[in-house]
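Both complexes below contain chain A, partnered by chain B and then by chain C.
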Partner chain A sequence: MEIDLAPEPPSEGVADLTLGSQVRCRKYQVQTLLSLFGQRQHMTPGALFVYGHTATGKSLVVQTLLSYHKLPHILINCVECSSPRVLFEHILNNIPQNPDADIPDCDDDDEEEYIQCDDMTSFVRQLTNIVSEKPFGEQTLYIVLDKAERLRDSHIFMLPALLRLQELTGLNICTILISEIVWEKFRFGTGFNEPYCLHFPDYSRHELMEIMCLDSPSTCDKELYSMYINIVLSVFHMVCRDLRELRHLAKLNFPYFIEPVLSGEADATQTRKLWRNIEPHLKKALKSVYLREVSSQQWEKMQQAELENPDLEQTLTPSHRCQVELPYYSKFLLIAAYLASYNPMKYDRRFFAKNAGKVSKRSKLVKKNERASNHLLGPKVFPIDRLMAIFYSIVEGKVVPSAHIYVQISSLVSLHLLSQVKGEDRIGMPKYKCLITLDFIRSIARTVQFDVMRYLYDFL
Partner chain B sequence: RASSRTPQIPSRSGPKATPGNDLEEARARLHVSAVPDSLPCREKEFSDIFGFVESKILDGTGGCMYISGVPGTGKTATVKEVVNILQSERDEGNLADFTFIEVNGMRLTEPRQAYVEILKALTGQKATAEHASNLLNKMFTSPGPRSVPVVLLVDELDLLWTRKQDVMYNIFDWPTKEKAKLIVLAVANTMDLPERMMMKRVASRLGLTRMTFQPYTFRQLEEIVASRMKGLRVFDGDAIQLAARKVAAVSGDARRALDICRRSTEIAELRSEEENIDSPMVTMGDINKAVEEMFCSPKIVAIKNLSVQEQMFLKAIVAEYQRAGIEEAEFKKLYDQHLTLCRFEGVHAPTMTELAAMCYRLGSIRLLLIEAGRLDLCMRVRLNVSQDDVMYALREDEGNRS
Partner chain C sequence: MVKRKSISGSPMKTSSPRKKSSAGPVIQTSEFDAFEELQKVLRMRISQIQRPPFISGYESEKKQLHDLIQRTAVTGESNSLLLIGPRGCGKSMLIRNVVESVCKKESVRSNLLVVQLNGLLQTDDKVALREITVQLQLENAVGDKVFGSFAETLQFLLTALKKGDQGSKPILIVLEEFDLFAQHKNQTLLYNLFDITQSAQTPLCVIGLTCRLDVVELLEKRVKSRFSHRQLHLYNKLNLSQYRQLCQAYLSLGAAFPDRKFADSWDQSIKELLEEVSVKDILERQFSLTNDVRGLMTLLTYPVCKLCEQHPRITAGDLVTSFKIISTDTKSAMLHGLSILEVCLIIAMKHLTDIYEGEPFNFEMVYSEYLKFARRRSGMQVYEKPVVMKAYEHLQTLELIRGHGGGQGQREYKLMTLLVHPTQILDALQHYPGCPTEIRQWATQSIT
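The block that comes next holds the complex of A and B.
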C-alpha cells in the first residue's frame, strides 16, 4: 500500500497513521481507508462497508480519520432513525458548512430554516441542491451510518438507494456503513450496488495490552500499571475480548490493586504479593460484576468497605435475586405448574394417585433412556385441569375451588411466571406453560417444605 | 464527476422524418397506434354493438352491455369505432343528440375517482368523489326535461372493484332507473367477471347483454395484416401467414402479430443493407427470426453466459434436487454439493461468502428464487427455470467449449 495517496492535509508530507496517536493498532485499516479516500477532490468509491466485532474501533477509526483530516462528513447512528424521515432530515440539516469545520455546527440552525423531507426522491433532490451550493463543492462528502444493520428493517428502498447515492445525486458522495454483521446478511430483494467491504479484526492480547496501558493514571508507574493489565487480562481474556468491558473492569478494580502499594504493605516490585492480593478479587468480579449482578457503584462501595475492614466477609454473590414473595396457594400452584410442565402425563398416576400402579422392569429401562430429556427440551404445555388435579393432590388440607384460586393463576400469568398458550377463558380450556427455572422452583418449594425433587420424573 | 454506471436508453431528439422507402412506410402502417378506419374481421361484433347503442338512443332508454375478450382482440377499438360512426351520424342530423364519456379504470388513481371523471365530463364541475356520486345520482334519478342520452364506456372494468362494490353497483344501477338515458358499455378481459367478482345484486343489474370477442384465428390475423399492407409489396406471400399462424397458436393477439411484422421489417432492412439489395422483401426467414426473438425465453441464453462457478452452482442445485427429490434446498446443503462438484472438476472451491454473493446474483436476475440474505445458511433456494432447461443449457455449453 502506498502512502503518497493519502489525502492532502497539505502541510504534513506523510500521513500520520496513528491519527495524532488517537488510534492504536489499526495501521492497516487506516492505510486502506486513506488510500480509498484519496485526495480531497478524487472520486471515492460510492459505498464502503466496515464490519468487525464489538469494540474493534470501527466507529473510532472512521470518525477520527474524518475529523483529523477535516473532511466534510455527517455522522448518523441508525438506531436513532426510527423512520426514514428522521434519517433524511438529519443528513440534510447537518451538512457541514465549510471544509474546515470538523464538526457540523448546529448553532446556526436557528437562523436557517429547518429542512423538511420525508421521501427518498425529495431527499436526493434536496441533497443535490444543498451540496452543490456548499463551499467545499468538489470535495468528497462522507455520510457515515453507524449500526447500519438497522437499515435492513427500514423501508425496502433505503439500503439500495443509500448505496447508490453517488450515482443518484451525481455528486462526490461516499456512504460508509458501519456494522457488526457481515455483508451477506444485508442482501435482499434484487440488486445492490455492492460496497467495498473492509474488515476490522479482533485485537490480539498484545494489542489489548498496548491499548489498555494508555489509560494508566498519572499517579501510577507505567510498569506497574502494565503488570496490572497483564493480570486483568490473564483472568478475563478467556471470557471477554471486548475492549470496552475490559477497560471498565480494569478501572473498577484498580483501587484494590494499588491499595497495598499506597499503604506500604507491599512494594511496587513485589509482583507475587500483588498478584496474590488481586487475583481472588478479580475472580469474584468475574462472577458478579461482569454479569452485572451488582452494579459498578455497588461494587465500588463493597470494595471500599472491604479495604477498610478486610475481615468483614461480604456476600458478594446475591443468590436471592430469584426470590419473589408469593401467597401460599400461589406457591403450590406454581409448583403444580412446574410439575405439569416437566413431567410426562402418563406418570401422573404414579406420582400423585394413592395406589400407584406397579412399576415394571421394562418401563424402568425405558426411563433410563429418557432421563433428563424433559429438562433439556423445555417446558411442555398442559391444560388447566391437569394443573388443578396436581394442585389438589399436593396441597395440604382442603382447598375450596373458589374464584381466589383462579385469580391467582391469572396473576401468575401476568407476572410472567406462567404463560397462557391458548384459550382466553376457563370455558375454552386454557393451556399453560411454566416459565421458571429449577433453582427458582426449588427455593419456592423450600419455603413451603415441599420436596419438589421427589416428584420430578427426570430426577428419580 | 460521477459517472452513471446503470445502462440507459440513448436519447433521441425530435420525431423521425416521414417514411422514405417502402419498409418505413410499412412500419408506419403496422404500428399499433395507427388504427385503421375500418376494422376487418369484427363486422358482426360491430353491428351488434352499433345496433344496441343506436336502438337505446332512439328509444331514449338506458341499458348495459358487457364486453369481454382476451387482450388484443379489438374490443376497445371496435367500441370506439361504433361511437365514431354514431357521432358522425349525429353530426349529420340522422340521430338524436347524445354525449359520449370514457372512463378507463387503469387511469384512475382510485376506483371512486370514476365519479369525479364522469361528473367532469358531463358538466365540467369539479367535486370530491362523494359529492360527485351524490350529484350523479340526482342527475340520473330525476333528470331534467331536456337531458340527452349518455353513452358511457368503462374500460378495464376489473380495476373499479372495491370491497363494497359501490362504484360498479352505481354504474350499473343508473341505467336501470326509469328516466335515466344512460347506456353503459363495460369492457373487461375475463368472460366470467360478473360471476366471479360481482355480488349478485351488481351482476343482475349488469343484465344479460353480453358479448365475447373471440381470439383471432390465423386467417383473421392474416387479413388484418394484409389490410394494412394494401398497396405495398413488402411481404413475401407466405411470410404473413407464418406470422399469423405463430401468433394464433399462442394467443391470437393482433397487437403481437403487428409487432412481429414490424420487427421483421427491421430485420429485413438490416439484412438488405448487408447484402446490398435495393428493394428488400420480408421473407419467411425474417419472420422466423422475429418470432424467435419475441417468444424465446432469455433464461437459457442467460444460463449459457454465466460464469463457470455460477454454472457449477446451478449444476449443484440440480444435483441436490435429484438427491433429495424435493425442488427446494437450503443453502448449506447446496454449499456442500458445490464443494463436491468443485473437487470433481478440479476447480478452486469458493468460500461461503463468494458463493453467497453468486447465489444472490442469480437470485436478483431471477434464475433462482431466494429468500432474504439474513437467513444465510438456512436460506432456501429454488430454481426459477426447469431442471431440464438448466441441463440443456449447460450441456450445450460444454459441447461448444470442447
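The block that comes next holds the complex of A and C.
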C-alpha cells in the first residue's frame, strides 16, 4: 500500500479515482482536480473555486484528495474566522511541517511559539518566510477555504488578496475556495483575479441510491436495504436532494421498516406489504422530523412506543405546532390585534358595532381583489385605540380598562406576538402590528370559543 | 521507481532536471524528462508568475515608461505617473519588464531603489510606511525613534538614505491597486509622496497602477494639484490573428528548451492544432467574450493540466471541453440541482414577477400561487406550508432570491425578489432530469 502512495504522481489509475473507495460518483471531478493539481512540484493555477449544492461532496473530495496524496495543505472553515487576524494566524500556525504528514496540524511536541499576525502585509511576508524554509519548499501548498461566501463579509481586501496569493508571494500556492453560491455573487468593486471555477453537479437519483446503500447495516440484506432506500427516495426526493438529510432520515426510520421482517409478520420478499407498512410512516416523518419539530431522539422514542402498542398513535405527535398558554384577556387582546391587523378599517363598523346599520346589497357583493387580500400582503399597522375598541366589542362581560390590560399589551410585545411600530408618538398613541399566523390565532380562538373566521374580511 | 522516489523527496530536484537528463545513460529517461520539463514550462506560463514569452503591442508606452524611469535613475528628476488599464491587460508585466530593462545598466542597478507597494496588502498608511522602511532596509536606522508626524518619518527615511552616500539615491515607488491607496484616511501617503516629487528634494518616481478610469477624481484637491497628471492608458488592442499568435506563443516551447528534437515536434503539433477548424472557432468565441490574456490563460489551463504520459499532446477536444467548462451558466447549473418542489417555487416566483411587473413578492404569495397550480392542475402531492417554507429558505441561502432590507417582521411577509432570469429557468428546465410534463407546461404558460 505504502509503495504506491508516496512516490507515485497523481495519475489516472483506477485506485486513485475512488480515493480508497471513500468517494463515490465523483470520478470526473476527481480526475479534473487531479489534473489541475499535477505533480507535486508543478505549478498549480493560483485559485480554484469549487461550487455546488449542499452535500455534493465538495469538501469531501477536496479534503480526501489532498490527504490521500499527502499533499501539503491547510484546511480552514471561514465561519470560524471572525476577523482577518484569526484567519491569518490559523494559516500560519498550521502550515504542515513535513510533506508526508498525514494531518495538517503538525505534532505539537516541539511546541514552537505561536505566530502572531494581524495585517495582510505581515501575513504575506511571514508566509513567504515559512514556506521557503520548509522541506516541501517547491511543492504546491494548498489553502482550502470552506464556506468561502463568508469572506465577502470580511474586509474588502481579503478576498482579492487571497485569490492573488500566488502572485503576491511568488510561491507555488493554490487557494481553493469552496462555496454553495455561484461565483457571480462574489464579484465586487473593481473586480479581481478570476479563479478557475469548477462545478460539482448534484447527484442523480441513481447516484443517491448508490451512496445511501453504502451505509446498510450488516444485519440487513443488501437488496432489502436498497429497496428501503428506494421507498425513502420516492417519498423525499421531490422535496429534498440533500444527501445528508436523506441519509439521516433513512437511518432514523429504518427500525420501523425492518420490524415486520424481524417479528416474522412479513417476508423480505413481500415488497408490497413492506411498502404499505412504511409509507404513511415516512409521510409523517416528512411533516415532523424533516422540519425538526421533534428531535430525532424524540422520534426514536415515539417509534418505540408505537411499535410496542400501535393503538396509541397520535399521543406524541405535535398536532398543535403553536401552543402558548396566555391569560384570558391576553387571548382576547391578541385576537383583537389580529383582527385589527388583517381587516380593513372601514369594515370595523360592520363587524363589531352592535347596530351595524343597513348593509346595502351593493357593498355585500363587492368583489375582493386577490392581490389586496391582507393575508397575502401581511399585517397592517393599527393604533391602540382601534385595538381597544375591537377588544371591548368582542370580550364578554365588563372589563375595567385598568393598568393590567395595558401591561398585558406590552407583555405581548415582549413575547414577540405583537410588535410596536417605531413612530413619533410612542406614548400618546402607540401603533402596533400583529406578528402571528392564522393557524396560531385559530387555535387560540378555539380555547376561548370565539369564531375568528367569522370576523375576518378575507374569509367572508 | 526507487530512484524517482528519492528525487521527488528532495527539494533540490526541480533546480536541475536538465543535468539529470543529460547525465542519464538511457534515451528513454531523457524523453521522459523532456515531457516533465514541458509541463513545468507550460504550467509556469499559465500561472503567470514567469515573464510571458511574447509581449505584444505597448511599444510606445514601454518607451515612455523607460524614459521616465531612466530620467529618475540617471538625472535625478522626480516624476509621477498613473498607468491605467483594465484587469489583465499587462500593467504589472509592463512595469516589471521596463524596470528590468532599465536595470541592465550597471550604474543604474547599483543606484536605483525600487519599492513595491500593493493596495491589497498595505491597507493603511502606517502599514505602508513600515513596508517602505523594510524595503529600503532602514529598520535599523529607524529603531525606536519616535516621530511627530507621517511626513517627518518619511523625511527621516529619505535623509537616512542620503547619509550612506554622498548624493541621494533615486527611488522608484510602484503602487499597485492605486485606487485603494486613495481610500486611506486623508490620503496621507499619497500627499507626502507627491509632495516630495514636487518639492524636488530626493529623486523619486511614483508610478500608480490602477484599473479605475476615474482615479484622478478620487484624489483630494491638494493631492491632485501635486500630481503631475501624466497618465498612460493601456488597452487590449489585440485583434483576432494576434490573439491566435499569442496563443501559439504561449503554447510552444521555443529555442530555450533543452531537448531540441522534442521541442520541434511539440511546436509542430501546436501549429497543426491551431489550424484546426474547431480550435479556430473556440478561440474566436473566447476572443469575443474577453480579449485579454487572462481569459486565454483560463482557456488553456485545462488542456495544459490534462497533459500526462497517456495523453501527451493537446487535442482539439481538450480545448472544446475547456471552453465548455468556463462558459457554463452557473445559475442554470445550480437550478439543475434543485428539488422538484423548489423548482415549482421558482416557477411560481417567475409568474409573480411576470404578472406584477417586477414588484417584489413574499412567501404567502408564492405559496398561494403554488397551491393554485398543485391543487388544480397537477396530480402532484401538495405539501404543507412548513415543508414549502423550508424549500423557500433553501432558495434564500443559495441566494437565488434576495430579501429587501428590513430584518424585522415575519419571514412569511418579507419582500423578496427573484435573481434568476426567466430564460435561465426555462433553460434549466430543458435539462432537468425527470421533470414532470405539467411543470414544464406551467413554466411556459405566462398567465395562470
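Remarks
In this text, the second predicted complex is superposed on the first by the 419 of 460 C-alpha atoms of A that agree within 3 Å, B and C clash if a C-alpha of one lies under 4 Å from a C-alpha of the other, contacts with A are read in each partner's own complex, and residues count from 1 in each chain.
One rule holds for everything that comes next: a contact is a pair of C-beta atoms (placed from the backbone, for glycine too) under 8 Å apart; a residue touches a chain by one contact, two chains touch by 3 or more.
Quick caveat, the model's predicted, so the values are computed rather than measured.
On the superposed chain A, the two partners chain B and chain C do not both fit; they clash. By the touch criterion defined above, A:C220 lies against neither chain B nor chain C after alignment on the C-alpha atoms of chain A.
Of the two partner chains placed around the shared chain by superposition, neither chain B nor chain C is touched by A:A389. When the two structures are aligned on the shared chain, A:F136 is found in touch with chain C, with no touch to chain B.
Partner contacting the larger number of chain A residues, of chain B and chain C: C. When the shared chain is aligned, chain C comes close enough to touch A:D119, but chain B does not.
Of the two partner chains, chain B is the only one touched by A:F186; chain C is not.
Within the superposed three-chain model, A:C25 lies out of touch with both chain B and chain C [touch as defined at top].
By the document's definition of touching, neither partner reaches A:L60: not chain B, not chain C. Of the two partner chains placed by superposition, only chain C is touched by A:Q41; chain B is not. In the superposed model, A:R152 lies in contact with chain B only, and not with chain C.
Once the two complexes are overlaid on chain A, the chain A residues touched by chain B in the first and by chain C in the second are 43, 166-167, 170, 182-185, 190-191, 193-194. Interface residues of chain B facing chain A in the complex, by the touch rule stated above, are 1-2, 4-6, 353, 356-357, 360, 363-364, 366, 372-374, 376. Interface residues of chain A facing chain C in the complex, by the touch rule stated above, are 6-7, 9, 11-12, 32, 35-36, 38-46, 51-53, 56, 99, 119-121, 124, 135-138, 155, 157, 160-161, 164, 166-168, 170, 180-185, 190-194, 196-199, 201-202, 204-205, 237-241, 286-287, 290-291, 293, 321, 371, 375-379, 419, 433, 435, 437.
Looking at the complex, you find that chain A touches chain B at residues 43, 152, 166-167, 169-172, 182-191, 193-194. Residues 1, 4-5, 8-9, 11, 13-14, 36, 39-40, 43-44, 46-49, 87, 118-123, 127, 130-131, 179-180, 210-212, 294, 298, 301-302, 305-306, 308-310, 325-326, 328, 330-331, 333-334, 336-341, 356, 362, 364-365, 368, 380-381, 383-384, 386-387, 390-391, 397-399, 408-410, 412-413, 433-434 of chain C are the ones that touch chain A when the two sit in their complex.
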